[in-house]
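Here the structure comes first, spelled out in C-alpha cells, and everything after it is commentary.
The first chain written gets the first letter, and so on, giving A, B and C; residue counts start at 1 in each chain.
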Amino acid sequence: MALKKLRKMLDEKEIGAVELTRRYLDKIEKTDKNVNSYITVCAESALESAKKAQELIDAGEAGAFTGLPISVKDNICTMGVKTTCASRMLEDFVPPYDATVIEKLKKDNFVMLGKTNMDEFAMGGSSQTSYFGGVKNPYDTSRVTGGSSGGAAASVAAGLCAAALGSDTGGSVRQPASFCGVTGLKPTYGAVSRWGLIAFASSLDQIGVIAESAEDTGYVLDGIYGYDANDATSSKKSYGNYTSLIGGDISKLKIGVPKEFFGDGLNDEVKTAVLRAVEYYKQLGCEIIDVSLPSLEYAVSAYYLISSAEAASNLSRFDGIKYGFRSGLGENFNDLIKNSRREGFGSEVKRRIMLGNYALCSGYYDAYYKNATRIRTQLRSEYAAIFDKCDVMLTPTAPTTAYKIGEQENDPVKMYLADIYTVTVNIAGLPAISTTCGYDSNGMPIGMSLIGRAFDEKTIIAVCDRFEKDFERKECAL
Amino acid sequence: MRYQPVIGLEIHCELQTDSKVFCTCQNEFGGSENTRVCPRCSGMPGTLPLINQNAVRLAAKAGFATDGTVNNYSAFDRKNYFYPDLPKAYQITQFDHPITTGGYITVFNGNKMRIHHIHIEEDAGKLVHDDYEGISMADYNRCGVPLIEIVTEPDFRSVEEVQDFVEKIALRLKYAGVCDARMEQGSMRVDVNISIMPVGSTEFGTRAEIKNLNSVKAIGRAIEYEINRQAEILDNGGTVIQETRRFNDNHGDTKALRSKEEAHDYRYFPEPDIPPVWLSDEDIAEIKASMPEMPQSRFKRYTEEYGLPADDANLIISSKEFSDFYDEAVKINPDYKQISNLMLVELNRNLNESEKTISDVTFSPADLAELVKMSTDGVVSKNAAKDILKIMFDKGGKPMEIAKNNGFIMDNDASEIEEIVNRVIAENADSVESYKNGNQKIFGFLMGQVIRLAGKGANPKIAKDVLTEKLK
Amino acid sequence: MFNSDLTKHLAELSKIEFTDDELEQMTADMTNIIAIMDKVCEFDTSKPAYALDAVDYNDLRKDKHQSSYPTESITANAKNVKNNSFVVPKVV
C-alpha cells in the first residue's frame, strides 16, 4: 500500500500502528520461509516501536514515518541489532551505534521490522552468496531476486514491509527492484549519508530505497537525505521535496536513449519492453533524443577494478580480532587472521579482495587501478555531455530478467558482465530509478531505468511516477 | 677503507590538537586501555573519518617553521598493511599530495639540511606483550592521534649535523605549538636512514632504516654503531641489505626488525572517504600570520640588535615561554642586558630551586621590567632587587609595593646616614683606631654596622662615601 | 599472464589462507576475471585520473573533543579480551 495512504490511515485511526506492524510480522512469519528475505526479524522491538508510535499518533505528534513498518538491509548498522552483511564474518556483530539513516527515521519513531538478506558484503547481483541462504524471487521462488539488495526487493514485492532501505554500489538497488517487479531508487552520491553503511566501495556506495512506487521512494528519500557531518562525502546540495514534481507536466522534457545500451547481450523481450516505454514517453510529447556513452565498453572493467580495490582495503579490517568471526586456527597473528578470513568470507568476497589487491599491487597499479579511474573521469564527462542535451536518460536496468537459481551466479565473469547497464551511474555518481515496464514470457518483471542529473532525483521520480500511473503491475504469486 | 655516512631522517611528531585527527576522541597521552576510543578510531564497520581542521593547521605551521611551502591542494591516501595495532588495517596518510613541500634547517656548520616534504597521518595503537601467555594486547587509545611525518633529503654527513637538526627542529615545533617534541614519551620519533660510501665517492650505498631512537643521544650512538656495522660488512667484501633495524638502547646495537621476504607492498591509493583539502592563499596567509617568531630569528635579534652574548641568547631561546617572557619585559623596559641577567641568573635560580618552569611564574613580565628599572634607577639596591624578586616569585605582588612594605626603598638622605655613621664610630672606637692604623679590612665590619642600623633601605653607596669621609 | 604464484602473492597481500584446491580454483577464476579487466589497459593514459572535489579548509571539522565510547561497547564484539584490550598471539 502506498506510504502516503498508510500515513493517512494511521493518522486517521483507520488502523492502529500495533495492528499494522502485527499484520506485517504475521505475514513475514507465514511467507518469508519461502522467500528468505529477512536475516533478522525484530518482532519484539518492532511491536515496542509500534506501541510508542501509536502514543505519538494519539498525541497528534506523528511525523512522516511514525509507525511505518520498514525493512533495513543488513549492511546498515543498527544499534543493538545484529548487522551481519550476510556474512559468517559478521554473523554475531552487534553495532554500538546507529547509521545516520536509522537515526533519522528513529526520530520519527518508525518501525523497523528487521534486517534484510543480501549478497555477502553487497558483492553480487543474485543475493545467492548470503551466508544465511539465498533469497527467492516472490514472482517465482525458483528464480533469483537479483542483488545485492535482494532481500529488500523481495520484502517489498512480497508485501513483507511497507518500504525497504537498500544500498547500491553498482546496481544493487535497481537490479533487484527490476527482478522483483518493484521500484528502486539510487540517489546521487552524497545525497544520503553513508555513516553506518558497512562499506563495500566507498566512492560508489549509496543508500537507496526500494518501495512499491516511485512516489514511495521519494517519500522515504525525504526522510533520509541530507548533509551529515559524520560523512565527509555527503553533500549540502540536496533540498528534499522529492515528490514535488509528481503530477506536473513532463511533456516538455527531453529523454535521452543511449544506443550502446540496446546492443548485443540485451534480451529481446527486455529490449522490446523498454523501447515500448520510450514510445510511451514519446506519445506524451517528450522529445526522444539519441545519445551516446562511447566508453560504456570500459565500464564493467573499470567498475570492478575500482570497487574491488576499495573493497580489498575496506574489508581488511575484518581479521577476527576486534569483532566478527575468529578462527580457532593460527599459532601466530598472521596465521590467525588468514584463517579467520578464509573461514569467515565466502568465495565471491575472496575473489573481489584478490582482484582488488591485484589492481592495487606494485607493478599493476598504473595499468589497472589508475586507468580505471581515468575511465571514471571519461565516463563522467560523457554523462555531462549527455545531460547538456537531455533531462533524463532511459535505459534497461539489466540485460535479462530474473534467472533460475543456480543458472549463472556461479560464473563470476557472466555475473560481472550483467552489471553493464547499472554501473556507470555509480561511476558518475548520478541518481537513477528502476521501475517495472513489462513482463517476459515467464511472467517475470522487466525493469527500465531513468537516470537523472546529479541531485535531480525529483525529475526522475516524477517521470517514473507518470509511467507507473499508466502501467498495470501484476501481483506476485505469494 | 674510510667511509662517509649519508643520512636522511623521517621524523614523526604528534600534533598538539584537542581531538584526534579523524574522530572526536580526546588526543591525550596515556590513560587506561581503550578509554579514549570510539567506533571511528577503533575501525568499526560503517564508520568514516572526519579530518580535524587543526591537524591541517598545525601541519601547515610545521611547514612554515621549517621554511617550506604550504600547498593549496593536499590529499589523503590509504597505506594498507596488517598489524594488530592498526584496527582498520590501513593507515590514512598523504602520499602524492602532502600538506607541505620543501624547506630546510641550517645546522651549526652552516650547511642547509633540506626537507623533502611534510605529510599528515594517523598514529597507531599500542601493544603490550605478555611473554608468559604468549599474547599481545592491543590498546587503541593512541589510534588516530594526529601525526606529521617530516621527511628530509639525505643531506646529513655526520652525527653532529643530525643531532643539531633534531634539536633545532624540536625547538621550532615547540615554538610553533605543533608538537611538544618529547622524544622519551614518543611524541617525537626519529627514524634514521643511513648508508655509507667510500670517502670521496658520490654514489650512495644501500641504506638501512633505524627505528626506536628515543633520545638525541641514542641517535648518535645508533648512527655510530651502524656506520661501523656497515663498514665491517663492506670491508669484508659483503653487501649491505636494505632493511629496517631496531636500536636497542641497553646494548647500544641495532638488530634487523623484519626479514626481506616480508617486504611490504602498501598498495597506496586515494582515500575515498576523505575529499582532498583546499587551502586558499588567504587561508595560508592567515596561518602564516599566526606563527610566532621562530627561535633562530630571535637569536639573531638578541645577539645582533640587543647585543647579548651568544650563550645568553641561546639560553633564552631554549624555551619559548622564557623567550616570550623576556620579549614582553624588554618591550616595557628595553634594558636588554640587565633583564637578561636577572632572568638567567636570579629567576632561573628561583625556578631551579623550586622545580618550577617559567609558565608557573605568577608575576608578569611588566613586573620584572619594573623591578629592573627600580634597580637601575637606584630606587632599590641590586641586592634588594634579588630579594624582591624572590618575594615576587614566592608570594607574588608588585615590586614597588614589596620594596615599600619591606623597607627596600633606598634612603638617599645623607644627613640621616651621617648620624648613624657618627654613632657607629662612637660605639666602635677600637675598630676605628685599628682602621686608622692601617687595618683596611675592618672597614667592611664598620660598613656592616652602618647598614644594620640604617636598615634595608640604606643606600650603600652613600653610606660608604660618608663612612670613608668620617674615617679620614 | 595470471598464474598460481601471483595468486599466492595476492593471497598473502589479502591475508587469506587457501588450500591447494582452493588456490587452483582461485587461479582459474582470476584468470578469467583478469581477462575482462585487461580491457582497461588499452585506455588512453593521458586522461586525468578521477579525484573527489576538494573541500575548503574552513569547512573541516573544528578541533573540539567529545566523550569517547564506554570501553565495553568497543570491546563487546571481540572474541578475546584481556585488560580491556584486544588479544592476539604475541607479535615480534
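We take it that a residue touches a chain if its C-beta (ideal position, glycine included) is under 8 Å from a C-beta of that chain, and two chains touch if they have at least 3 such contacts.
It should be emphasised that the depicted structure is a prediction, and the values quoted were computed from it without experimental measurement.
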item: Chain pair, B-C or A-B, that carries the greater number of C-beta contacts; value: B-C
item: Taking each chain's C-alpha mean as its centre, the one farthest from chain C; value: B
item: Cα-centroid distance, chain A relative to chain C, in whole angstrom; value: 23
item: Euclidean distance of C-alpha centroids - chain B vs chain C, Å; value: 40
item: Approximate Å spacing (C-alpha centroids) for the pair chain A, chain B; value: 56
item: In chain B, residues with contacts to at least two other chains; value: 39, 42, 50-51, 82-84, 136, 138, 265, 267, 272, 275
item: Shared-contact residues (touching 2 or more other chains) in chain C; value: 13, 15, 52, 55, 61, 69, 74-75, 86-91
item: Two or more partner chains touched - positions in chain A; value: 93, 96, 203, 229, 232-233, 312, 316, 319, 321-323, 333-334, 337, 357, 361
item: Touch list for chain C against partner chain B, complex; value: 13, 15, 51-58, 60-66, 68-69, 71, 74-75, 82-92
item: Contacting residues of chain A [partner chain B, same complex]; value: 76-77, 83, 85, 90, 93, 95-97, 99, 194-199, 201-203, 229-233, 309-310, 312-313, 316-319, 321-323, 333-334, 337, 357, 360-362, 365, 369
item: Chain C residues within the chain A interface of the complex; value: 6-7, 9-11, 13-18, 26, 29-30, 32-41, 43-45, 47-50, 52, 55, 61, 69, 73-80, 86-91
item: Contact set on chain B toward chain A in their complex; value: 39, 42-51, 78, 80, 82-84, 87-90, 136, 138, 265, 267-269, 272-275
item: Complex interface listing, chain A residues touching chain C; value: 92-94, 96, 203, 229, 232-233, 297-298, 300-302, 304-305, 312, 316, 319-324, 326, 330-339, 341-342, 345, 350-351, 353-355, 357-359, 361, 366-368, 370-378, 380, 412-413, 416-417
